[in-house]
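Note that the chains are named A, B and C in the order they appear, and that numbering of residues resets to 1 at the start of each chain.
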Amino acid sequence: MNSIIELHDVSVTYPNGQSALKAVSSVLQNGTIYGLVGANGAGKSTLFKAIMGFVQPTTGYVRIAGKQIKQALKENLVSYVPQTEEVDWNFPVLVEDVVMMGRYGHMGFLRRPSKDDRKAVSESLDRVGMSDFKKRQIGELSGGQKKRVFVARALAQGSRIILLDEPFTGVDIRTEDSLINLFRSLASEGHLILVSTHNLGSVPSFCDEVMLINKELVAHGPVETAFTEENLIKAFGGMLRHHRLVGTDLHKDEDSRSVTVLTDDERPLVLYGEEGVEKITQPGDKT
Amino acid sequence: MMELLLEPFAYNYMIKAIWVCALVGGTSAFLSSYLMLKGWSLMGDALAHSIVPGVALAYLLALPYAIGALFAGLLASLSMVIVKQKTKLREDATIGLIFTAFFSLGLLIVSINPTSVNIQAIILGNILAISDDDVLQVVLISIICLIILCLKWKDLVAVFFDENHARSVGLQVSALKILFFTLLSAACVAALQTVGACLVIAMMITPGATAYLLTDKFSRLIMIAVALGTSTSAIGAYLSYFMDANPGGFIVSLQTVIFLIAFVFAPKYGLIKRKVIVHG
Amino acid sequence: MDSLVAALIEPFAHDFMIRALVMSSLIGTVCSIFSCFLVLKGWSLMGDAVSHAVLPGLVLAFVAGIPLVIGAFIAGLFCALATGYLKENSRVKEDTVMGIVFSGMFALGLVLLTKIETDLHLMHVLFGNVLGISQSDLIEAGSIALICSFIMLIKRKDLMLFCFDPAQANVIGLPVKVLHTGLLVLLALTIVSSLKAAGIILVIAMLITPGAIGFLLSRSFGKMLIIAYISSLFSCLAGTILSFHMDVATAPLIVVIQTVLFILALTFRKKNRSQKGVQHVG
């Protein structure tokens, strides 16, 4: 089972002349967690929309598992977790209704759920720990619970590819950690997980590979090699707060290692080490 | 030929219709510059329909129609605020719900007393047969609105363009907003007499939208809109004499045609220019 | 008590009342189902626009000698499509374009109506005349209403998903564009079927209020549909019977009754919510 996203020279220009993506080419493999990182307006959402067939690339094309997007969507190869702001939380639907929406593609003309569909829904709810809430209206949930419901919907859909748009905004740390664990186990089961985020600090803690975009693809590769200060500055331009504490600021000995803190507004990215060979540090790491 | 063209001016009621329409058209067009930028079309339509029960009651009780209309408009706005606070309904549904309720109530009042009120006049306008009392009200409303708009138009731009900035420079944002909606309701009350409840919305958005296709500068936008509103209303009323058609329908048709012309031929934002850019 | 029963039974002695009651319950059904989608999708202005835009279609269909419903349907759909086209190709906001298009079409309709001799009675076109409905009107409009209701009911899940989360609808392979156009076509058909009974100005009320009542009182879409349907059916039947006895216009009375139901729902729901709030805290 090969679930690969291929991006061939994908450019998107909106009708008002605004260019949103420029010649992005890349291949994403299954069993991997990808972090899609860029500033607001850098084209993260547009890239998602291009993969989902919501916008047509002006040039280039996208293939999913070697198929046209439309075909791939019909085969339920892709699922999507929207940003919290995109959802109308006052909509009269219960948690279980939302998760059942993930199964529509598997149902017949009348969308009547079968035994399998119900089983998939309850298993997905179990997996995100939301079974107790299935009769709640979605607006009655907390930020983290809301997110978990939509992740459950993606799970119920049973796709190999899961796209998540800013899954960590408005989510408490505990949910964030449990989501990250869930992504890890999904990846080890062979799913391809693409997470867009501007939350730099959490990228190293869960992504295998990172794609940095700023309309064009700045860098794509394993976190250790691609997620560098240089690339980040290229991707974000002047939009990052940038603090560097060199050795002498930190202590009085000969240690020349320095601490660099890169942040936009959420969890900061901390780099520590000799200049040029600084390592990403995790909260709680002992150096 | 000349005689034929001047014929409408031989009738007092035609002269009255032409200049009253022009005045109302200008006032509405001034407001349309703001309304169409904020995306409040539904609001204009809603106000025009909501004042109908007030008008019906006022005629029934032989009161000045403007008082009934303003009262009903106020009550409708208040109901919208209450429903919005108490429910999670979308804004457009709230507006739609309230205005149709008020409008139906108005029709019900009329249908209980069909003789005292001419419903056709409320729905379709009554400018050719307008009474002098009503002319006085329309003119007073329009002139007061125009004076206030001429004094305060810059403040209103500041408020609608960037509320926070307006607040920071010391403008009374809420007061100005209330002022604007009061002017809007008043203008709806005036426009009701010329084009009727169903077409007020056109007077409240079309001239502004046409001007928006022709210029980027707001002061010029207002000038173009007012010029368009005034001239189309006067010409529409004048031409309706020859066509023997409903003046309201004629004025609005004219405004729509001019919008379409601007849509195609506007020098910077027109369809032709756009196609040239795309292919060139 | 007997007099109440008599008052309820009396209308059934008249053929025109039986037709009126059948017609109003059919449009009560189709409007209430559509209103659930309209309220959730935020299409109130669209409903308002399409219903007004129908007027020139009626007049032109009369002139061309084709069935009025076809002219009305084409005009309604034209309004929606023209709005889309003008919006794509200009910098004017969508709601403004919609207002311009529908008011322009309505104005054109008025001018045509005053210039062309038709047997259309303007007041009946605007406000409907359910008590004067003929057998053939009933069959024509009634079958449109039935077909629309049927389609919306069997496809309600797809349409609901399209309103709730178009991106998800797309991602599971539903034809989003077809759903969008389909919903527009259903809107135009619903309005066309309600023309004779509710008129083009009041149909928008019947397309908003039942859905709003359902929205207030329910937490799931199925319940919303049922509540909207019951409230709509009740107001249509009660409005028709009452208007017969009170000799007032039917369609406005129906809308006023719906509004009263909405106000009742608002008051009732407040208790409901505060109870839930207590549970939430505890």
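Note that in this section contacts are C-beta pairs under 8 Å (C-beta built on N, C-alpha and C of every residue); 3 or more make two chains touch, one makes a residue touch a chain.
As the structure is a prediction and not an experimental result, all values here were calculated from the model.
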B-C or A-C - the one linked by more C-beta pairs in contact: B-C
Distance-maximising chain from chain C - centres being C-alpha averages: A
Chain occupying the most central position, where position means C-alpha average: C
Rounded Å distance, chain A centre to chain B centre (Cα mean): 48
Separation of chain A from chain C, taking each centre as the mean of its C-alpha atoms, in whole Å: 42
Averaged-CA centre spacing for the pair chain C and chain B, given as whole angstrom: 26
Residues within chain C bordering two or more other chains: 40, 215
Sites on chain B at which at least two other chains make contact: 88
Residues of chain C that touch chain B when the two form their complex: 38-40, 42-45, 47-48, 52, 86, 89-101, 103-104, 106-111, 114-115, 122-123, 126-127, 201-202, 204-205, 208-209, 211-212, 215-216, 248-249, 251-253, 255-256, 258-259, 262, 266, 270
Contact set on chain A toward chain C in their complex: 15, 52-54, 70, 73-76, 78-80, 82, 86-88, 91-94, 97, 101-102, 104-105, 109-111, 137, 140, 153, 157
Chain C to chain A touching residues, read off their complex: 40, 88, 154, 157-158, 160-161, 163-165, 167-168, 170-174, 214-215, 218-221, 223-224, 280
List of chain B residues in touch with chain C within their complex: 36-37, 39-42, 44-45, 83, 86-90, 92-97, 100-101, 103-108, 110-112, 119-120, 123-124, 198-199, 201-202, 204-206, 208-209, 212-213, 243-246, 248-253, 255-256, 259, 263, 269, 271, 274
